[in-house]
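Read the structure below first, then the notes.
All chains are identified by letter, namely A, B, C and D, in their written order; residue positions are counted from 1 within each chain.
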Amino acid sequence: MHSLKEMRREFQRAFNISANRVKVAIGLGTCGIAAGGEKVWSAVNEYVENECLDVDIMSTGCLGMCYAEPIMEVHVPGEPRFVYGNVKPDTAVEILERHLKYGRPSPEHIVGQDPRGFKPAPNIVELKDTGFFKSQVKTVLGRCGIIDPEQIVHYIAFGGYEALEKVLSEMSQTEVIEEIKRSGLRGRGGGGFPTGRKWEAAYNSPGPKKYVVCNADEGDPGAFMDRSILEGDPHSLLEGMAICGYAIGADEGYIYVRAEYPLAIKRLRKAIHDAEAMGILGDNILDSGFSFRIRIAAGAGAFVCGEETALMHSIEGKRGMPRVRPPYPAASGLWGKPTNINNVETYANISGIIRRGAGWFSGMGTDNSKGSKVFALTGNIRRTGLAEVPIGISLREVVFEIGGGIQNDRQFKAVQIGGPSGGCIPASHLETPIDYDSLIRLGAMMGSGGLVVMDEDTCMVDVARYFLKFTQEESCGKCTPCREGTMRMLQILERICQGQGRPEDIDTLESLGRVIKSTSLCGLGQSAPNPVLATLRYFRSEYEEHIFNKKCPAGICVELLDIIIDPEKCRGCTLCKNVCPADAIGGERKQPHSIDPEKCIKCQACIMKCPFDAITKG
Amino acid sequence: MCNCGESVRDQRYTALEKTLSKYRHSTGKIIPVLQEIQDIFGYIPTDAIREVSRELKVPSSEIYGVVTFYGQFHLQARGKNIIRVCTGTACHVQGGGKIVEAITGYLGLKDGKMTSDDMMFTLEPVACLGACGMAPVMMVNEDAYGRLTPDEIPAILARYDENRKQGDDEKCIA
Amino acid sequence: MTAITVNINGIKTTVPGGTSILQAAAEAGVQIPTLCFHPDQEVKANCRICVVEVEGQKNLVPACATAVSEGMVIKTATRRVLEARRTILELILSRHPQDCLHCARSGSCELQKLAAEYDVRHNRFPRDEWQLPLDYSTPGIVRDPNKCVLCHRCIEVCTAVQTVNALGLANRGYDTQVVPSIDHGLFESPCVMCGQCIHACPVGAITERDQIDELMEAISDPEKVVVTQIAPAVRLALAEEFGDEPGGLRMEQLVDGLQKIGFDYVLHTNFAADLTIWEEGNELLERLQEGKNLPMFTSCCPGWVRFAEVYYPGSLNHLSTCKSPQQMFGALVKTYWAERMGIDPEKIVSVSIMPCTAKKYEAVRPEMIDSRYADVDLVLTTREIARLFRMTGINPLKLAGAPFAPWMGEYTGAAVLFGASGGVMEAALRTVCELEGGTLEKLDFHDVRGMKGVKEATVYLNGKAVRVAVAHSLSNARALMEQVAAGESPYQFIEVMACPGGCIGGGGQPLTPTDQDRARRMKAVYDEDRSRRHRKAHENQEVKALYEDYLGSVMSHKAHELLHTRYTLKRKNT
Amino acid sequence: MLMNTAPKINYRTQAANELAESTPCPRTVNDVYSLGVNLQYCIGARYREIAELNQKETRSDCIRLAEKQMEIKKRIDKAAGHQLNILIQYFYEHGGPVIEDPVSEDTVKEISPFYNRLMENFLESLDEVTEKVRCGEMSIGEMETTINRELISMFGALGNLFMVNEMRKAFHDLVEIRESTA
């Protein structure tokens, strides 16, 4: 079998040679670009050309530190790697000027340094000691931000396709499956089904033609882990799928990527093309006799296609509507053939398990949830971004150590975990370890890993309404409880938020939620009521406030607010009077003004206009 | 009856024929075909559904079902520039709603209409653009804008608004 | 499969492996409600009304789709199950029009039965009906989308059983709807108006186009002479509408009833059925001699004819040019019969009572005017006639009986067979075999009978083997037509009926027949055939008289003008 | 006493329109004649539609005109049969050669947009004329002459579309039959 060993050594040498060249890497994932990364890229290129410096400029995937985007790294041979954050086009030139010309890093922009064995620069925190990275363990995201995702040589240099080589040369199909079963890897898409057993089921179904499918639909709002893997390290997914193909006896794979990730699709296409050019994918991989071809199927905007049978229907060119199970996909999936479906992150773990052994993987995590999980920290948190943590870490550690606590020192209220199919967890349960089973006990679920932190200014009824509006719009419409029930729950919640809540609404919400959860055909319907049921369980008082006192404690539900002018603070400058669209404000110049609650449409324009912030909403 | 040689059907239909011939013998390729048609026309014309049905031997009731199921396909013509505003969790919590109000105000969209009268812009609220760290986020065609505030909106949109180019506030000299 | 024992509500039952909970419960005498389930269709499990509790399972499971497993403990009526069923019904009813008293399906509506059974009294959700316009675009069928409960049964029959693909889903979530192909009305879709979707629909969302008013206007007009023909399948099934077994109503009683309603003359389509056998039998022999345009397809089913015109325009030459018995009858009633009876053809209103909704379309086809007037003015279905009997307070089962009007009332056992799939073939074979001389002792051709999708037989005509086939449901017809289009068909003569079981299962028959009901009606057809004295079409004296006194000879120029037709491509968005 | 308030659709005219609309762009002489036949059925259906409005005085004229369309149809059938015999004779005399359609696939692709527009215009004018007669703005006689004029001009225009002279001759036949029975 043609081996990659020499090729790998050669690429490592090339990578190291390039290591002793000065390199500037700029994060150009979708989030990097959204933060203005491209302007930094052109400014740096322009600067390097004018100064005709011998510097390689490279684009990388994201390191996960969205709060610091755009990110620029400076690699000077013999020195630690310096990571600069919140870089503007002009500050980037300044930093390079000072760093490259005079060898002095500019601490005010630095996020951290990575010594890489060299003498760390004085009084600059090391990356691995920063709060954000300290308790992280980067296995799946290991190469993201380090290698150039469009260069297969980088991937191979960092141990890429070694696992595939090992599988094809030394291991039988059952050995591979046993290894995955021993590692205790469970599905990262949200369900948490043991991956080894899933592969075994597909392996055991007869049939010459089988498929390997990767679910990269990632429809959860607030979740972008898969995107950063697809954009930052696409080959890790390809390798994982190839190994799965070998293990279950499939020769064709599909990656179902959502239409809203054009950059991910572009990078995946390039990665597949490069891998096929090097004989690592396609026919007779590395002369091993095993062939495996991967195609990309672009989604077209339907969250329900994250459900496996809906996803398969979408690939087949049909409406993405789930079907009855059994038969499970392992027995009859894509075009009726046995199919194995896993999430991007699940496949990305495979090469690590094969290379470092099941023991290494099962060493991380708790007894029934093994390995690491990538979470997308968003919401009112100081450090938003991607964090890969060992399973079992407590919520407090994730929110306060990694996330750096709540923005502008507001009070922590709850965290929504598992996206619109998950539930919210209040402050009282912050100590809960994050693993599959304890989250389900709290009425939430691991889900794909979206973790939205909410501070005291969030109204839980409004959050429940927001999530239900999402699942209601994304329901496929096949089964009655989900098609009709989610809309009826949403109508009740909207009534409550507009101040027309009725006492029996809570019972109706709970009864409807119970029926939808227990009778819907697929995961979407079965989990759609979770946000409402969870907020009802932990924040029932807020619902009662909205319904009985027609008040919104967090001041979010506009119709329930009373906007009042504080007579002491009001100087009578009439600014608010002119801006008020409903002319609900009365009072003479220099006299304290007042708002007529009947006319006031609660647009809060006066609050923004008042220079003495004499107007409050309560 | 005009006797000019060049057939009346504009070049968009010839592009359609090229797409269809590419997919004639494949199965299950409805969605890629519709995505290409969406790029050619900006929407899916009904007679295009008929031709896809004839070429790919798939019932037009199934194709119509697919077109009306997925959010990416549209049966009506859309504006030249597509504004996709993220209404994902993070953006919602960071004030995404105000951005939408600013846009609808700027474009003068009333009672649920999503395309401006001059067919210049179409507003599409999207569930998540995957850049939650930059919340609130908006994309105009392929360009992404993060950490937005309502008053930045008019300036950003004006760049895409051809009618506004000769307009007053730009005062562009060239 | 191994036998499996399960415990349903405490009752132990043993059933073969792979049986669904629904069937197992039925065997144990436990009734589980269903809505989207249909015995002859694939399980869809989207209404979720049939959910039950299974010990050890977190969620409730659909009884129709879940197979029993050894030692399963099933409870079908716990508080949780009842709450689920009643909430789902309440959700459906909150969007369903509340006009039961005006609805055609009042009394036979599955939703109405469930709502009553499950005591759904309160509605917690604001009414939110669709308010869509009704679809009157086709002459045979009317769609009321506001009443659709989205069970997909009509889509399933139109796509899987008929492969016409006229109906599909549109939009998503709360706005999901069943629409005709690209939502431009049923007439723009490839719909052939076979009416099987009417039988599939559990509620009143699809019905036949009601022409009772037009009939009553004609009957009440003293100027007009209202003449009607009755199809064989109508009499068989009408008894079911009045609580009797198929075939329980004698033909004379039906004739008597129709005269009491106000029809001036009552004749029988079977007269024209025998006539069709004469014409089509000879056309077959002609084609066999010339060896051209073979295999020949029968053309008596208008749903099948339109299906061929829409999907196989290139192979229309294979269809027999004979008109269907209804149209032959129509052409003759305003020419030959008018002359014999001395009635001015302009005054005649030619009515036809059929088990079929597609016949309403056939009557309005532009080329069906060979009698210089519209050959058939009005077509009424079995259901409409049943309604008319109820409206006029007549129970046909209690009537004494009356004879047919002269000249076109006589019919043989062969004609009666037209109601069942394989009947036209058997009738044709009985005549064709004897046209070559010699008499046929064995009149029953069992190979072409029964509910099997495609039936085959080989017959010897003057020494030469002739392979024939019979298909019912358009999916089977499509399979045979694909062979013909590819030029590989082994047959010479093929009978096609669009509806499962043939006309006895037609779109206008008493509602929602299962395959068993169709088989029962089929048996009644063959019983009546055996009871008739003459069982071969060419023994029909009135047909003989027609040829001698009027048409001249079989396939004569006049016969060609009145009894034959042509077909054209229908450019529809298939 | 219409109890079920169904909108007034004349299904016979609808079926006749469908018949005309479905006639594909002719590729052989026989196609031209069957186009003529389909149009005759279509016009006949319009007269029957007006006859059904049974205003006493126009009713018999409409029936007469409807039957006249059927006579024209018979003459077209006869002409078509005549042409078919010529073709068969040619076929046997030359030892059964393969007879290609006079109009090729791509010419039809070129011509069909014009053919479709001509047919649509004719059917629209047919609707207008029927509507005018229905509201009494036009007499039956005028209707017949207008239809005749429109049909003859359309056949002429259609003839010009084709380079093959057998096809032009076939259209000329249709014009001749219409003119001789005007």
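Rule of thumb we're sticking to: a residue touches a chain if its C-beta (ideal position, glycine included) is under 8 Å from a C-beta of that chain, and two chains touch if they have at least 3 such contacts.
The structure displayed is predicted, hence computed values, not measured ones.
S.K.: Pick out whichever of the two, C-D or B-C, is joined by more C-beta pairs in contact.
M.R.: Pair with more contacting C-beta pairs, B-C versus C-D: C-D.
S.K.: Which chain has the mean of its C-alpha atoms lying nearest to the mean of all protein C-alpha atoms shown?
M.R.: Here the chain at the core of the arrangement is B.
S.K.: Can you check how far apart chain A and chain D are, centre to centre, with Cα atoms defining each centre and the answer in Å?
M.R.: Centres of chain A and chain D (C-alpha means) sit 66 Å apart.
S.K.: Between chain B and chain C, what is the separation of their C-alpha centroids in Å?
M.R.: 46
S.K.: I'd like to verify one number: the distance from the centre of chain C to the centre of chain D, where each centre is the average of its C-alpha atoms, in whole angstrom.
M.R.: Comparing mean C-alpha positions, chain D is 34 Å from chain C.
S.K.: Can you compute the centre-to-centre distance for chain A and chain C, using the mean CA position of each chain? Integer Å is fine.
M.R.: 56
S.K.: Which chain B residues touch at least two other chains?
M.R.: Each of 62, 65, 69 in chain B touches at least two other chains.
S.K.: Identify all positions of chain D at which a residue touches two or more other chains, and write them in rising order.
M.R.: Residues of chain D touching two or more partner chains: there are none.
S.K.: For chain C, write out the residues touching at least two other chains, lowest number first.
M.R.: 169, 171-172
S.K.: Under the stated contact criterion, what part of chain A meets chain C in this complex?
M.R.: Contact set of chain A toward chain C: 302, 319, 324, 326, 472-481, 483-488, 491, 504, 508, 511-512, 514-515, 517-521, 526.
S.K.: Applying the document's contact rule, which stretches of chain C touch chain B when the two form their complex?
M.R.: These residues of chain C touch chain B: 159, 165-172, 179-184, 189, 573-574.
S.K.: Can you list the residues on chain A that touch chain B in the complex?
M.R.: By the definition above, chain A touches chain B via 30-31, 33-36, 66-67, 69, 218-224, 227, 259-262, 297-303, 314-321, 335, 376, 378-380, 384-385, 416, 419, 450, 452, 454, 458, 466-467, 470, 474, 476.
S.K.: Where on chain B does chain A make contact in their complex?
M.R.: 27-32, 34-35, 58, 62, 65-66, 69-73, 87-90, 92-94, 126-135, 137, 142, 144-147
S.K.: For chain C, which residues count as touching chain D in their complex?
M.R.: Touch residues, chain C against chain D: 134, 136-137, 139, 142, 187, 209-210, 213, 216-217, 346, 361, 364-367, 369, 372, 374, 568-571.
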